[in-house]
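Two complexes follow with chain A in common, the first pairing it with chain B and the second with chain C.
Take a look at the complex of A and B:
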């Protein structure tokens, strides 16, 4: 088992962060800023984008998407190595592991249901029987993988690898084997607990979103606890704000879909600065009521979109605005040289840059107007 | 028009006349079939055009949202989000007979969908994906109806083409050839008839001439005998 803990972390000397921040500051010059991205949005060919990517430090290759993923992973790895304190790599990589776990569980579970039959109450389903025998709720801390029933007809790890993210805390093969063999204690405790919670939740309601939501809830719970344990108030606030933004998005999406009661509670993420009840009490509310409810919070610019959420293009505008609010939050830590702020800000900027490049590439391939692309470009300025 | 190579006999003439009557009746039936098929085809094409426009408009909307979602998600994240897919659906295929053309009839049997039944969670995916998935889901029955109509139109068009070829073949090839052959045999038989008549008349003429000669010779003999007796 690869137990990672921040309990015995030694405080990083200021000079370590000064060195890391200086190195990252040097790297920041290569990030494609708003002006360069705006010019790039007028690109006439993919080659122009590839050239710009090469200038920004992405490896050259025939597939720009591949270069983008590889470049982003390389930048993230470089910055993770610069963190003088332990614990940050775990917080930064855990979402990748959660993604890989979702891929494995979805692949394992998608073939489990006999056609036309519900999972729950189906006595012919060994998985359903086994799960229902020992489960009460979706999230059962303490239960390990051995408590899961055997998965039948699982696909090979190689067939799933193209969907996996790398790097991750645990190698993809290790997670795959641990879940397949139901071996307890071989992978990160979060992954083990998330696998059990997700499979149990799926047994109750066999829908992909339920599985993802179970993993995500546990992921964000774990992240908020680990971020709090790192002891950096800026990072804690940043993480909480990110969760708030996600929760507002979830609320608006649930309202737009007219989802039944209970769906919002399933999807809301823990660890935000606003309590989950602030969102739950708006279940069934109108867009105007949502906008009013968040008028006095930092989410006000986003909640203003609530009345028109669901109309074409509004979700995309919401996504851009949410990212820009996060970028604005990142800029509040720009002056802190002796902390992780600059490093985390750089990672965020690179993520936004990757989104912008994907937007431009997708627009070029699908004939989206450059004006529309410019409207959706994320802020990458420091 | 080339005629059919047959013996110009009365039997053949009767056989060909029967074939011509059948061909003319077949031609009329096929023409009626072609006209009815054309009518059905044109009705179908009109409804198909409307449905296709509706489907294409909605698909364009869905793809616009999907492309925007794709633009802000990595390939792996998108693939993972859609890995689980939708609940299974049944598509029994029956057939319907339109003017002897077997066309498919699709019946889409959905498992009951909940409006919020998505293959992915909301935390890791952008909202644009919801609209795209919802539109794709809503549009599936219309797409199947469109597939059914287009396959029907294709089969009807093939049948119209086949019938048109048959009608043309009867109208411009078989019927004229039969008519020509019948005309040829009739002429041949008439000619034979006239030949026979001429021959008979000739024989009759010869026989008359011969009888006249014999009569003349008899008369001459009688006259000579009378003169000898007088002398």
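Take a look at the complex of A and C:
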């Protein structure tokens, strides 16, 4: 499969989005807004939440979490189909493919299924063993899929499929076979490059998170290029801001965990509005220094949490605040009559709604007080 | 000189007046078609999710259609009423032809642009009705404000056609 968008192209006129934007505006009326979510946080039973979910358009089912996932996937599929110009579906689906690739590679390299169950008896799979032992010329792969060492003792595609995300740009089976057979030219170029980068990183540092970071770095690099090529300034800035938020989260997590030197550089994502060096120079810094460093940036409200990051509950507050900052950007972008901003904003609103519903369901099942839940509810008022 | 003589033979007063009248009908009609089309697409999007709003949205869709009617009205005034080209044999001088053309300009230009602008406002109204059906009247008032300028242009063209151009 070839890449669909590479060079910058002129975006479609906004009137091409007349149908899609108006349909999404009609769908927005069903999103559970801030006031309704606040009321829902007082729910006494799961049934109340399930009723609210049905009003918001989620399918009925015995497992509310399952209904949430299915409803969210259905809404995302609907919106992807509404885009009148190409390129957006690729940008929206690539993260799903990246997840699927990680599932396959981790299973191939570590001999474990994502739930921790082993499918081979040894500590490592044949490939992992070879890589770790540095057994000859095949230990660090070259630049293409064909140069990867031969995988042995791989699990079946069917055993991995429950952990895969669907839909994706490439069928899970195709990615599985291309990686297993080390066959170039059969899947999206990003997936091939990411597979090679991940195996190379794993060969040097055989930790699952290193593999994740290698795939994510390439994913966000690809996304930022493709988003820029779509020619929508708001979406480009939104994507860059999202990367900035993720990078600040990475920095704080690395500092809180006291991770070894070099880990920050491995995990920082490209494509943000702030250069990676802005984060790298803070390796080993105190929370106060981090807060000072970002005081004059849009990340200031978040970086203010840096001095207390690591204390109980602060990471959750960080997550909520980061989502609310993104939502504020979405609100700004939605001040257009027609355009992709409205469709992308709706997807964001639905994601926030699903997060809120999961929070409420989790709180109900674990007896967490509604006041605590309200503090973590994402803003879904658009 | 031959070239100018040829031009004078082609562009007679009647032909220039016809051009003006035709462009008034064409451009304002094009604007209306575009405006109504934009609102129609927007309305179809809302109706996909809520077919019950058809009546409310149809009114909004009709609003940008008036400019096309105004253009046709001026065409009728020039060709049938004032010029009497269809049922008589009026012959206009080149100067009178240009006067007719100039009289058509307001509705020709304002009709085109105001219909598109009104279509966008009405489409925004469609989105408003999608979320708050009870606000339909406000959506109509907002779109009708754009109509004011199309009416001014119609009035200007009408007065010029009737009182600005002296025939006979």
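Everything that follows uses one rule, which is that the second predicted complex is superposed on the first by the 342 of 382 C-alpha atoms of A that agree within 3 Å, B and C clash if a C-alpha of one lies under 4 Å from a C-alpha of the other, contacts with A are read in each partner's own complex, and residues count from 1 in each chain.
Please note the rule applied: a contact is a pair of C-beta atoms (placed from the backbone, for glycine too) under 8 Å apart; a residue touches a chain by one contact, two chains touch by 3 or more.
All values derive from a computational prediction rather than experimental measurement.
Clash-free side-by-side placement of chain B and chain C is the outcome of superposition onto chain A. Within the superposed three-chain model, A:260 lies in touch with chain B and out of touch with chain C [touch as defined at top].
Superposition on the shared chain A places chain B and chain C such that, viewed from the Cα centre of chain A, they span 150 degrees in steps of 10. Shared-chain residue A:19: touches chain C; no touch with chain B.
In the overlay built on the shared chain, the residue A:250 is in contact with chain B alone; chain C does not reach it.
In the superposed model, A:337 lies in contact with chain C only, and not with chain B.
Shared-chain residue A:28: touches chain C; no touch with chain B. Considering which of chain B and chain C touches more of chain A, the answer is B. No C-alpha atom of chain B lies closer than 28 Å to any C-alpha atom of chain C in the overlay.
The touching residues of chain A, when paired with chain B in their complex, are 65, 69, 99, 102-103, 106-107, 109-110, 115-116, 162-165, 207-209, 211-213, 215-216, 220, 246, 249-250, 252-254, 256-260, 263, 267, 269, 309-310, 312-313, 315-316, 318-319, 354-355, 358-359, 361-363, 366, 368, 376.
Residues 38, 41-46, 48-50, 120, 123-124, 126-127, 130-131 of chain C are the ones that touch chain A when the two sit in their complex.
The touching residues of chain A, when paired with chain C in their complex, are 15, 18-29, 337-338.
Contact residues of chain B toward chain A in the complex are 61, 63-65, 67-68, 70-77, 79-81, 83-85, 88, 90, 111, 114-124, 126-128, 130-131, 134.
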